[in-house]
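Input: one structure, supplied below.
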Amino acid sequence: MVCSIDISEKPALNDPILIEGLPGIGFVANIAALHLIKVLKAKRFVQIFSSSFQDFAVTTDDGGARSPINELYYAKREDGGRDLIVWFGNTQALTTVGQYELVGKVFDIAQEFGCRFVISIGGFKKDEAQAVPGIYSTATDLETMQQALDLGTKVMVGHVFGIAGLSVGLARIRDMKGFSLLVDTPGMNPDVNAARYALMTLGKYLGLNVDLAGLEASGEDIKRMLESFGVVRSITEEKKKEEQQLRWFI
Amino acid sequence: MVCSIDISEKPALNDPILIEGLPGIGFVANIAALHLIKVLKAKRFVQIFSSSFQDFAVTTDDGGARSPINELYYAKREDGGRDLIVWFGNTQALTTVGQYELVGKVFDIAQEFGCRFVISIGGFKKDEAQAVPGIYSTATDLETMQQALDLGTKVMVGHVFGIAGLSVGLARIRDMKGFSLLVDTPGMNPDVNAARYALMTLGKYLGLNVDLAGLEASGEDIKRMLESFGVVRSITEEKKKEEQQLRWFI
Amino acid sequence: MVCSIDISEKPALNDPILIEGLPGIGFVANIAALHLIKVLKAKRFVQIFSSSFQDFAVTTDDGGARSPINELYYAKREDGGRDLIVWFGNTQALTTVGQYELVGKVFDIAQEFGCRFVISIGGFKKDEAQAVPGIYSTATDLETMQQALDLGTKVMVGHVFGIAGLSVGLARIRDMKGFSLLVDTPGMNPDVNAARYALMTLGKYLGLNVDLAGLEASGEDIKRMLESFGVVRSITEEKKKEEQQLRWFI
Amino acid sequence: MVCSIDISEKPALNDPILIEGLPGIGFVANIAALHLIKVLKAKRFVQIFSSSFQDFAVTTDDGGARSPINELYYAKREDGGRDLIVWFGNTQALTTVGQYELVGKVFDIAQEFGCRFVISIGGFKKDEAQAVPGIYSTATDLETMQQALDLGTKVMVGHVFGIAGLSVGLARIRDMKGFSLLVDTPGMNPDVNAARYALMTLGKYLGLNVDLAGLEASGEDIKRMLESFGVVRSITEEKKKEEQQLRWFI
């Protein structure tokens, strides 16, 4: 596999926290990450292309060609808090091997900029939408897990598929710490409400008051992007994926 | 994956434009590229073999063995216009990873010869054939998009699958410019009429009067080559492919 | 594929024997290996992560994130016998290529620590459970095969799929010796009784009296781990796998 | 992918010809190659293992573990004729990429020993067995094709799948020459009669009188080996494979 990486700037960051926000169940992470980038005026400094992304281009309204891509943005905080690296994109990798490579490359870069902590955001599929969704966590270690529980999350039980799961699992292996925020969502459409709760919990951890005023607009942006990428399938695909994950087992 | 590349000559080219012409929907690009090679007496200087091509040989009438292959031809212009590199072949790669690698290799070589601009040709599937087919474009940037629109193309809406899409998407990433010419076609058989419109539009951009007299013969050549490769499937296969492209989505 | 390996300690080992104990049919090897680690107080010195493992994390009761992993433990013997390297894990690799790479990496490491002998454990699917299960062997060479037969095993007839088979087959190629212990099991659930017979036979070979008192508890540990990994499928999946194995044949 | 190669001897060979004899349709090549090895008392000097082979071991009657493997044997001729390298094995690679890699590695080795000519053997599926089967050829170039036709072969029309096709196709790319001998066969069982005609034609080309007395025994050896590898499927699998080969086409 080939990951090609373009680093356009080398900012000096203060003990930065990596926030994972790729598309996934309910697009909770994707909406939250885009909104963070907007309200924090985060600046893109890394572009990542992988041969495990889809082999097509998607057009924008004015004819621009848009490729599957992952990006890293940084936001420096003026209140002395830890800086942020936001991991945004319009795709995860298509294959298991590609997913491992992608997380590995992003962690390589993040660690190069001094990052030792990762927070992955995701959706946790529930049959029905909930006004106040539950938030579930898994963490690299018990101390970090306690920090997550102190934010009002519950213990996640079961599998965390895809990048949200890999990020926490691989962080532990690479001597990084971190936890996940998995928010209840029906999972089929971009879920702005779930993203709101993800951002409120994240803000509490970061000591950061995230302005949620324009969140609906961020949800609309993600929806438009997803529509242009033809994302329509949901539960059946997801089921199939879970089955594949277990295919080696006896 | 293994790409093996054989460069038989190193021509000095004048700011060359890369024209992508691999087999795809309606074989529009393939016919157009073969015809360009013929009328411009373009010379082959690169052969590319990939382990992501099919693992068979196809025989010619006299028993010769023909492998899946991609080739680059160059044509020097005597009117002072920019030289051309024509990317021709009898196959795309079988896998997503192979497609990315293939475009990457071809761009590496093209850039080595000074190329900074790519035009990808393709078909845009319509249910019925049209006497005057529409031509759609997507581009790396707005300025280039305007140049494409000035040729009489319309804004492409939707996905551009395969090499035609990757070429424009990846050009942008590699600081190259370019656009695509996607011509209406029913897509099941080699579509000489669509190739004619592609070449007329391309000629307008290049300031080059492409002799279209022998175009039917080029279409027949492609048809014979495709038949020898056993290409018979069309719409169902294409549909399946589109579905696969989206398989990671939730 | 990417195998990332973390070697935390470099013990000096006395002509060590590698014991393969990954999950497979009846989880015979997995239970036996875990039990060995416990009773011998074996110490983990190597962690192996592969991009051919599944791309998810599994949570523990207290919210810890657990990744698919392979591990090597060593046990030094005070009775002058040969030391042991126990190969434990919660997964095999998902793909054929990944399996080959995994065995190759583990053998590279084992050989680095002086290992020249491997014993792979596995289940041999029978329709019904048996109070005294048969044990079948295959070996790298006739002399080693005789040693296995002297333990009361029978000659294995047929295929040995997965890591248990690869380990013996690839050992031969790498100038290592070894044999497999494949124990009758219905194969659907963790089979403590089959693991007992595997350990008794292994103990006989090693001249090691393995305390089997806590074996039920080891079986429960494996069962809990497997449940957390969502392992529920059995015969149908296995059948499918066997069919895939033969897919290239004419 | 990983090919591991073990070269046990470096014989000085006289302009050797590579004879490809892997299992395929009717196992024509496999029987012919094994028989050549026997009657010429050819000596194994290379073993090749690929992670694209199947991940299992097969047991022999006495419990020995046998892995999927490819081997090269050499035979020096005392009559002053060109020496031979016989490419034998119990498997082709499972994937397209693996097939390309395998041919590439074998050609690398063969060329290292001075080889510039390859003859691939294969079966050409016919609905019914024929007492005197037809033999079809494809070649790297017209001159070599004429040599093949002079042996009484006909021009092959259509696809040559797998190693037999790749060998001739890739030979051309690597400045080697060669042709294929594809013999009519129903293709489901090891076809000794087809192998006989392959060897007679090959012998004519080599100016070598191949003793065909023990050919039935060689056929039985291959049959036993194939049975131990569980090879039972035939036409349906083959059909499926052909369909897969064309999956990228529009």
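Letters A, B, C and D mark the chains as written, and numbering starts fresh at 1 in each.
Quick note on the criterion: a contact is a pair of C-beta atoms (placed from the backbone, for glycine too) under 8 Å apart; a residue touches a chain by one contact, two chains touch by 3 or more.
Given the structure is predicted, the values throughout are model-derived calculations rather than measurements.
Averaging Cα atoms per chain gives one point for each, and the point farthest from that of subunit C is the centre of B. Between subunit A and subunit C the CA-based rotation angle works out to 90°, given as a multiple of 5.
Copies subunit B and subunit D of the same chain sequence form an interface built mainly from non-equivalent positions, shared numbers / all numbers used being under half.
Distance between chain centres (mean CA atoms), subunit C to subunit D: 36 Å.
Remark: subunit A and subunit D have CA centroids separated by 51 Å (rounded to whole angstrom).
Of all residues in subunit B, none touches 2 or more other chains. Inter-chain contacts occur between A-B, A-C, B-D, C-D. Looking at the complex, you find that subunit D touches subunit C at residues 1-2, 4, 6, 23-27, 47, 49-59, 61-67, 91-94, 123, 187, 229-234, 237-238, 241.
Subunit B meets subunit A in the complex at residues 96-97, 99-101, 104, 137-142, 145, 148-149, 155-162, 165-166, 168-170, 172-173, 180, 245-250.
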